[in-house]
Every structure is written in C-alpha cells, then in structure tokens.
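Common to both upcoming complexes is chain A, partnered first by chain B, then by chain C.
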Partner chain A sequence: MFRVISGRSVQAARLLAPRNAVLVEAVRGRKSRTDPVAKSKVGRIKVPPPVDPVEMLVLKERYSEYELIMRALRLEFKEEVLRKKYEEETGSQAEERARQEEEEHRALINWNDEENLRMLKARILRVQKEEEEAERKKMEAAIQREQQLEESIRLREKEILQLQEEAKNFITLENLDQRIEDALDNPKNYNFAVDKEGKVVKRTVLQ
Partner chain B sequence: MVHLSSFLLKKYHSGYVVIRLAMAGHKQANRPFYRIVAAYNKRSRDGKYIEQLGTFDPLPNIYNEKLVSFNFDRIKYWIGCGAHPTKPVAKLLGLSGFFPLHPMTVTEAERRRAQAKLAETTAGTEDSQEEENRAGV
Partner chain C sequence: MPRYELALILKAMQRPETAAALRRTVETLMERGAVVRDLENLGQRLLPYKMTKHNQRHSTGAYFLVDFYAAPSILDGLLDHLHRDVDVVRPAVLRKDERAPDSSCCGPPP
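The block that comes next holds the complex of A and B.
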C-alpha cells in the first residue's frame, strides 16, 4: 500500500524530516492473492454503478453515430496524407524541382572546376617563383663562399709576404758574429719618457 | 489499419501511436498543465514523445476560461497515419469542433442539468412548504 520514494524530487522535502525516516507514498495493490480480506471489508459486495436503460439506449445510439463519423473522418485524413505524399513524390512540381536542382548542381560543379583551375595556375606561378628564389639564393651563397675563399687566400699571401720581409732582418748562423759586433758597437739607450701628447722626452733626471 | 500505419511511419515500432495528454514540467507545484502529444502507446506518460500537438490548461484563468490549443494540421496527419486519441483528447477536440461532439459530453451535460433541476424543484417545494407552514401557523 505504501511505497518508498527517493530521488531528486524528494531531497528538498527531506530537509525537515528526521535523519533516518523513510519517505513513503501510497500505491495500489500491496496485498497479494493469498492475503486474507481486511476486517472492515469482510461482508462487502462490490456493486457496479447503476445503469439507466433509457439513457443507455440513447447513449448507444449516440456512440454508434459518433463512431461512424469518426471512421469516415479517419479515412478522409488517411486519404489526404496519401495524396500529399503522392504529390510530393510524383506531382506536377516534382519534375520542375528535380530539374532545377540538377541545373544548380551542374552550375556549382562547373564553378568548382573553374576555381580549381584558377588555384592550379596560381599555385604553378607561386611554385615557379619559389624555385627561382631558391636558385638565386644558391648562386649568391656560392659567390659568397668564393669571395670568402679569395679573401682568406689574400690574407695568407699578405702574411707570407710580411714574413718574407721580416726574414731579411733575422739573425741567422751566418749573421751571428756580424750582428753581435753591430750590437756591441751601437749601444741603444731606452731611457726615455713619453708625455700626454705623445712627445718623446729624452732628457731624464739621471742626465 | 495497422499495416497502413506501419507503411506510413518510417521506423518499425511494435506498438501504435496515441494522441494523449502528458503532464508538463511543473513538479510539486499543485499546478497541473498538460501537453497534447503524439507518442507511442507503451511510453510513459511524460516520457519521450514524437511530436507536441497542443496544450491544455485545466485550471481556469481570471476570466474563468480553460485555455486549449491545437495544431490541427499535424493532428490530421497523425490521425491519417493511424493514431488513436484518448477519451479526454477526443472530448476536447469535440468541444473545439474539429471532431463531432463526444456522446459522453452530451450525456454528462444532460445529467448535470437533471441534477440542477432536481435541486431546484426540491428547493422550490421546501420553500413552498415553509410558506404553507407559516401561512397555516
């Protein structure tokens, strides 16, 4: 007779109920077949509501008319639905519509093809330009490299020349004696000062 | 009728379509409000329906009117596909004029009229009895 309910609809209502109470609601049919009859219902005989025969006759007439009309209406509506479906598929407008759709389709496909061609041409031009750019860059890089190579060669040659120049003043085994005698004959005096302007001052305190 | 409806309804469903009242959204509010809905027979009352075809507000408004709305075009379509309206929906449609008047509407009205007349006559006889008593006294 009572059924436990729980769920989202019940949460708010449960705020005031005691913590461990169970929320129940009335539901039919708790008793099974084998349960005994309740004491209050022991002598009860269930009686259907009384029927007035005149009214029943009139009602039957009315029902038969009503159902006749309803059947007719249903058939009408069915026919209308079928006719609409038929019109939709094979009516006068259907062919025109199909033709128009086909035309549209073809036009769109053509437009798409043209777009593709255009894009293709643009792409070819772009790719060509990029190739040329790459070529140019490669050439420039090669030229750069050659120039650097030449630069380095020149530098090295200059160094070699300088070294050769300096080699003339080197002290070798042959010049050794000569240079020793030259050095002993010409004593050099490094005892000088330089003032802020860069002028050499030979007169020192010692002299 | 059954095979025709299956022919027109695209999905196969072993049941039939009904046009009935489904209670709409206002839970725990003491304020019922019905949607007139085309749904499969075995679905729950408020469950997933195929299409909504109208509304019905059972409580009268400030001008003492109960408001009903119907989408007659779609109702025609569904009845043509073989849907069955329930009794209250049939009664409402009868009152609206789309269907013929339901016999029970007429019978109920007659019964109520008879009851009212009975009440009047008893009240009349009581009054007249009182007058007689007063006159007699």
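The block that comes next holds the complex of A and C.
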C-alpha cells in the first residue's frame, strides 16, 4: 500500500517533507485494479489539503525573491571563477610569468650543461689515471713474474749442479763390490746420548 | 724421482755370504730402474725381539741402509721380492723428504 522510496527522485521530494519523517509513496499492495472498493471506502472522495490564498501569495513572492537572489549569487560566483581562469591564462601577469619561467629554465639548463662538462673533465682525468695505474701494475706484475721465474731457474740449476756433484759418489755396477767391502768394513753408528747440560756424547757401544 | 731408503735386516751370516746377499739386493734394485746412492752398514746387532722368517728363528741380524732414487711403481714388486729372499729377515722401504722440519723441537704444535 505504502512503500518507502529512496533514490534519485527522493532529493526533490525531500524539500517538501518534514525533516525527520520517512518518505512513503502509494503503491498497489494487496488489491489489483479490478478488485471492488472496500466497504469503508465506498463514498470516499480524495480532497487535496486546503490552500490559503494569502499565505500562498506571500510564500510565492518570498520564494521567487529568494530564488532570484540565490541564482544571482550562483551566477556571480561562476563568473568570478571563469574570470579568474581567464586572467590566469591570458592576463597581464601571464606573459611576465611565462618569460620568467623560461629564463629560469634556460639558466638551469645552462648550469646543468656546465656541471656535465665539469664532471666529464673530472671523469676523463680519473679514467686516465686509473688506466696508467693499471698499466703500471701490469708491468710490475710482469717484472715480478720474470724475477720469480729467474729465481726458480737459478735454484733448480743449483740443485742440478749439487746433484751432479753427488752423482760422482753413487754406486754403479763397477764399484758395487768395492762399496760393499767398504760398507762391511765401516759400520756406522747413529746412536748418541745427551745429558742435562746439552752435551752430546757419541761413543755408545755397538752391541 | 723421489728418494727412498731401504732399511734391510739380513740374517747373521759370514762375510762372503752377506756380501753376496747385498750384491743380489743392489742388482735387483738396479734392474728395476733405481739409482743407488749409498750403502751403509749399521753393524750386526741383537734384534729387539726374536723374529721368525722362512722357518728360522733369528735373535741377531745385520742392519744395512740403502739410499736410492726410484719410481714409486716398483716398490710393491721390490718388497715382494725381498720378502721372498731367504737371507732377508725384514725389509722396510721409507721415503726421504727434502723438507726441513718446521718447528725446532718435536712435539704437538702450540
């Protein structure tokens, strides 16, 4: 029968309703169009609420004045906004500001270029120095390596010479017999004794 | 080539037999491609304990020391040969290291 409405159409109807009420609208509920009218509602004539003409007039005038004023204010404000926007884009200050911005921009770009140049020079110097360092280190490393190689060659030659010297005393098939006789004649004794003072004594007896 | 030392304990025999055994051993070494550096006699000594080898009990033995340079591959064959030699009581091959010992005295490192 009555339904609560809420939505976009509500906003306009809300102005006429009391502030705290819920908005309802009439809706076909239980009965359809073809059902007979109820007995209690048989002679009912819907009558709109009575209107007082004087009050109506006064209200109409007041409302029209009010709306006039409101509309004027709104238009004033809109015009102000548009004017400000226009001034912003094409006013007298706009050119000066644009010029100043451009000067600033150019100055900054120049400064940036100079900085880049400076960094470039510094970088070139640094890279050159590093290259020289690397070259020097490589040379030093090469020299070191050569020196070590020479050192090792010298050591090995010394060893070879020493071995050649010792090789003269090695046992061969010819001196085998002689060496065996020598060995059997000279028994060697590696035993020794040490006392607390550190004196080494080698005259231990072979059993 | 690495350098080895053969600590040889021969049976207590007369001089010509000992000489023959030594000659045999050195010739075996040379056949296998070793270079014999030196031969030392540590004398005939009482063995630290009685050893039985080749069905004979030995209480004294003649100790000999042979330095030689050889390839490591011949050592197995050599030891096998020496174990089978009747006059040899105990052979031992040790390696000689050229490095000097790192610490001045023996014992566990600090």
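As a working rule, the second predicted complex is superposed on the first by the 116 of 207 C-alpha atoms of A that agree within 3 Å, B and C clash if a C-alpha of one lies under 4 Å from a C-alpha of the other, contacts with A are read in each partner's own complex, and residues count from 1 in each chain.
Here, contacts are C-beta pairs under 8 Å (C-beta built on N, C-alpha and C of every residue); 3 or more make two chains touch, one makes a residue touch a chain.
Model, not experiment: these values are computed from the prediction.
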> Between chain B (first) and chain C (second), which does A:R179 come into contact with in this model arrangement: first, second, both, or neither?
Replying inline: second
> When the two structures are overlaid on chain A, which partner does A:I69 contact: first (chain B), second (chain C), both, or neither?
Replying inline: first
>> In the overlaid three-chain picture, which partner chain does A:N189 touch, first (chain B) or second (chain C), both, or neither?
In response: second
>> Under the stated touch criterion, which partner chain does A:V47 make contact with: chain B (first), chain C (second), both, or neither?
In response: neither
>> Touch test for A:K78: chain B only (first), chain C only (second), both, or neither?
In response: first
> Is A:F170 in contact with chain B, with chain C, with both, or with neither (first, second, both, neither)?
Replying inline: second
> Of all residues in chain B, which touch chain A in the complex?
Replying inline: 4, 8, 27-28, 76-77, 79-82, 99-103, 106-107
> For the complex, which residues does chain C have touching chain A?
Replying inline: 15, 18-19, 22-23, 26-27, 30, 35-46, 64
>> Quick check on the complex: what are the chain A residues that touch chain C?
In response: 166, 169-171, 173, 176-177, 179-181, 183-184, 186-190, 206-207
> Which chain A residues qualify as touching chain B in the complex?
Replying inline: 9, 13, 55, 58-59, 62-63, 65-66, 69-70, 73-74, 77-82, 85
